[in-house]
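For reference, chains read A, B, C and D in written order, and residue numbers begin at 1 within each chain.
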Amino acid sequence: MNNEYIDKVEVKLISKPENMLKTLYTACRTCYSNKSPVEIYNEIEDNKDKMLNLITKVIASGHYSTIEHIQISYAISGISRACSHQLVRHRHMSFSQKSQRYVEEKGQFKYIIPKTIEKNEQLLKKFNSFMETTSKFYREMVEFGIKPEDARSILPNATSTSMIASLNLRELIHLCHLRLCTRAQDEIREMTQQMVNCLIEVEPWLNPYLVPKCEKLGFCDEHKSCGRKPTLNKQE
Amino acid sequence: MNNEYIDKVEVKLISKPENMLKTLYTACRTCYSNKSPVEIYNEIEDNKDKMLNLITKVIASGHYSTIEHIQISYAISGISRACSHQLVRHRHMSFSQKSQRYVEEKGQFKYIIPKTIEKNEQLLKKFNSFMETTSKFYREMVEFGIKPEDARSILPNATSTSMIASLNLRELIHLCHLRLCTRAQDEIREMTQQMVNCLIEVEPWLNPYLVPKCEKLGFCDEHKSCGRKPTLNKQE
Amino acid sequence: MNNEYIDKVEVKLISKPENMLKTLYTACRTCYSNKSPVEIYNEIEDNKDKMLNLITKVIASGHYSTIEHIQISYAISGISRACSHQLVRHRHMSFSQKSQRYVEEKGQFKYIIPKTIEKNEQLLKKFNSFMETTSKFYREMVEFGIKPEDARSILPNATSTSMIASLNLRELIHLCHLRLCTRAQDEIREMTQQMVNCLIEVEPWLNPYLVPKCEKLGFCDEHKSCGRKPTLNKQE
Amino acid sequence: MNNEYIDKVEVKLISKPENMLKTLYTACRTCYSNKSPVEIYNEIEDNKDKMLNLITKVIASGHYSTIEHIQISYAISGISRACSHQLVRHRHMSFSQKSQRYVEEKGQFKYIIPKTIEKNEQLLKKFNSFMETTSKFYREMVEFGIKPEDARSILPNATSTSMIASLNLRELIHLCHLRLCTRAQDEIREMTQQMVNCLIEVEPWLNPYLVPKCEKLGFCDEHKSCGRKPTLNKQE
């Protein structure tokens, strides 16, 4: 079994708004000002400190509608179809995902190995060999004339997929609240963390908001806490 | 291989609003009346013909916001995870789906067989045997101590799933426009048709609206038509 | 000035799902069960305690997607256009509102008086007289041939409006979090409280969740607290 | 009456994605390719013709989910509160609007005059004078101690407002379908046309899609046609 078929999540930020801070600042001020948004936009002149001062106050107050004006697009590859099935449940996001109906897997399909299986040499060997067998049966069906959309019915959750995913800052914060939580599955946590890392690199001021929900709440509202924050007595 | 593991889509309408027609009628009239909605609601007195006369005019004019007031809940079982991955892309719907993370498959998991594979005796035999092998490997991993959330990485797209799905009439019309189209995959078409059938049984007047998009448009806007309606020249 | 033109908010619950608790319970259990939703639905047999025990646990854990299956419709009248402009900003709600374009105000239009103005006898008198003058100018324009859609440009924010509004339980909780907050304006708070009251009357178990956001958070995340809950130091 | 208080709609595009075409192209190809999105993104090298060739095919086929990746932000000013009440009904848009609760009108508030009233000299005079009277009563209440949030209850629909509004291309096409229709009110048609014009200036290839719905349908689905396209017999 060749390693090239073993895939790993990779996230790249491919697009963000041209005038991220100015757009955010203008949106925040428009709500509370007698000036027109164009005046506000023209006056601010890239004064970054002044802009961030207002923007971070508004976000801290939970007035999240303002940050919807910023939409970010990511290229995501090397996630399993199990992970993508979880991800597309975020209904405020936009997705363009590789189609298993229209894209035929020409050779061995790529797949993702869960860490707990990777750790165990014997299971790992069986896992890789299972993927090989599956790939052969898939190819057999396609060569027999079964369409990829039907042959794919044997492809496992581990099969690698890729997509362009776009979301606004409000939804990104929500995604982090849920998917950076210890309760989320490994793979989607890692993917979300990579999404955060890409963005923080260019917009480091966003760091304090891109956290699991317990950091916002100050407590854990799940049935059991992972230990990061305590649960509330009233909820036990 | 026992037939009991071969699953088929089954849809049951489990909930709709108590006062479907009266709610719809009141919503339609409220927009164009000086009377209060409560007056309108009380005056109509279950006059079904009068209610339907107004409601169908409003729907025919494409004023779909009114029909959002009607939400319907379905119990859906016996669809593949491939089908559910398509279905949850409908972002105006609400879903509660059986979790592969938390629900362990105790024996042979149930699965759906695509029709094109079912037709071929030899492939079908291999397909069933593949499912048996997969189930054994899944059980082996779980018994070894791998959590279901990771062991499920080998479960195929064909694995059966179930869910409660709710949507309003506007989204149901949209679902039909896309998923009753010949271009949609067999399984989701059949599921959507069953959703329609359940509802038409109790609300037959909805029949003309729960159709593929070409019936609304009068033409096919896909790249190639299935023949039901012609494409427009200007789009070719 | 006749009192009959002075309007007050009135909310009536006009529709909810036929099987509210059973639908919710089945949705909650489907996620964690090997049984099909129809089996779960049939087995529970209206055991209210058992149903509520599970449902309230799920809501307390913040797993709000389940409660989207319950949509409720309200008839709302006697709110100002200022209030309706705030309300329609809730984008997960569905609205059918009385149109000022198509519904002509035949006599004195109804209006809502803010409490702070109502309290002052002198201002109140001027306020009522202002509404009379406005109504006369509106009628003059309409009689001259100006369409209601243009004549309404002089109608004030205080003008009464009515609507059918539908929302699911998740959005109702969100509405309460924002609009029962002391920071919300009087009128929309009162309207929201009436929405809650109507529902609590028939589903009293929902009472603990239909509260301002500080009750969920345990603290106030606004810039200044009204005193109900303290703000967090880290946010000051 | 000074003309400076008479406001007119003004729209300025203030932000769009950095890599509009490349993002769109990559999204379109990701669905149908075995290449990873990053490979696709890197390979295309700003070949505009090749990108547009694919993108326009996808849009023509009605596969609108791809164009959600492009979000555009506009600064809008000089629209009436009647118009903004219509606009915020577009629930896929994001808005940051000037608050009448928190922004006090210090002098004569700005307002929009409907064209049908502007045309009639006598009505226009009365209209302007009505605005002056209203402004004086507003100021009187504020000076008496009434908060702007309550004093604004007398401000008319004609009062000018401003906002930052963001929407993706899919919603922009939907907005045009509804609001460029002859049936839409003058003011929102003009605002929408300005939104289109700003965008077409930098992305002229979008022109054929930013049209009233009858241009997409080939017929008018309203009760009565304006004459631009005929209605369908079956709907009459």
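Operating definition for what follows: a contact is a pair of C-beta atoms (placed from the backbone, for glycine too) under 8 Å apart; a residue touches a chain by one contact, two chains touch by 3 or more.
What you see is a predicted model; the values in this text were computed from it and never measured.
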Distance-maximising chain from chain B - centres being C-alpha averages: D
Higher-contact pair (C-beta pairs counted), A-D versus A-C: A-D
Between chain A and chain D, centroid-to-centroid distance (C-alpha), Å: 30
Centroid distance [mean C-alpha coordinates] between chain C and chain A, Å: 33
Overlap residues in chain A, where contacts from two or more other chains coincide: 65, 89, 95
Touching residues (chain side chain A, partner chain D) in the complex: 10, 12, 14-20, 22-23, 26-28, 30-34, 36-38, 41, 65-66, 68-69, 71, 73, 75-78, 94-99, 102-103, 105-106, 162-164, 166, 168
For the chain B and chain A complex, residues of the former touching the latter: 80-82, 84-85, 88-89, 91-92, 95, 100-101, 112-117, 120, 123, 126-127, 130, 133-134, 137, 140-141, 144, 146-147, 149-150, 152-158, 185
Chain C - residues contacting chain A, complex: 57, 60-62, 65, 89, 213, 217-219, 221-223, 232, 235
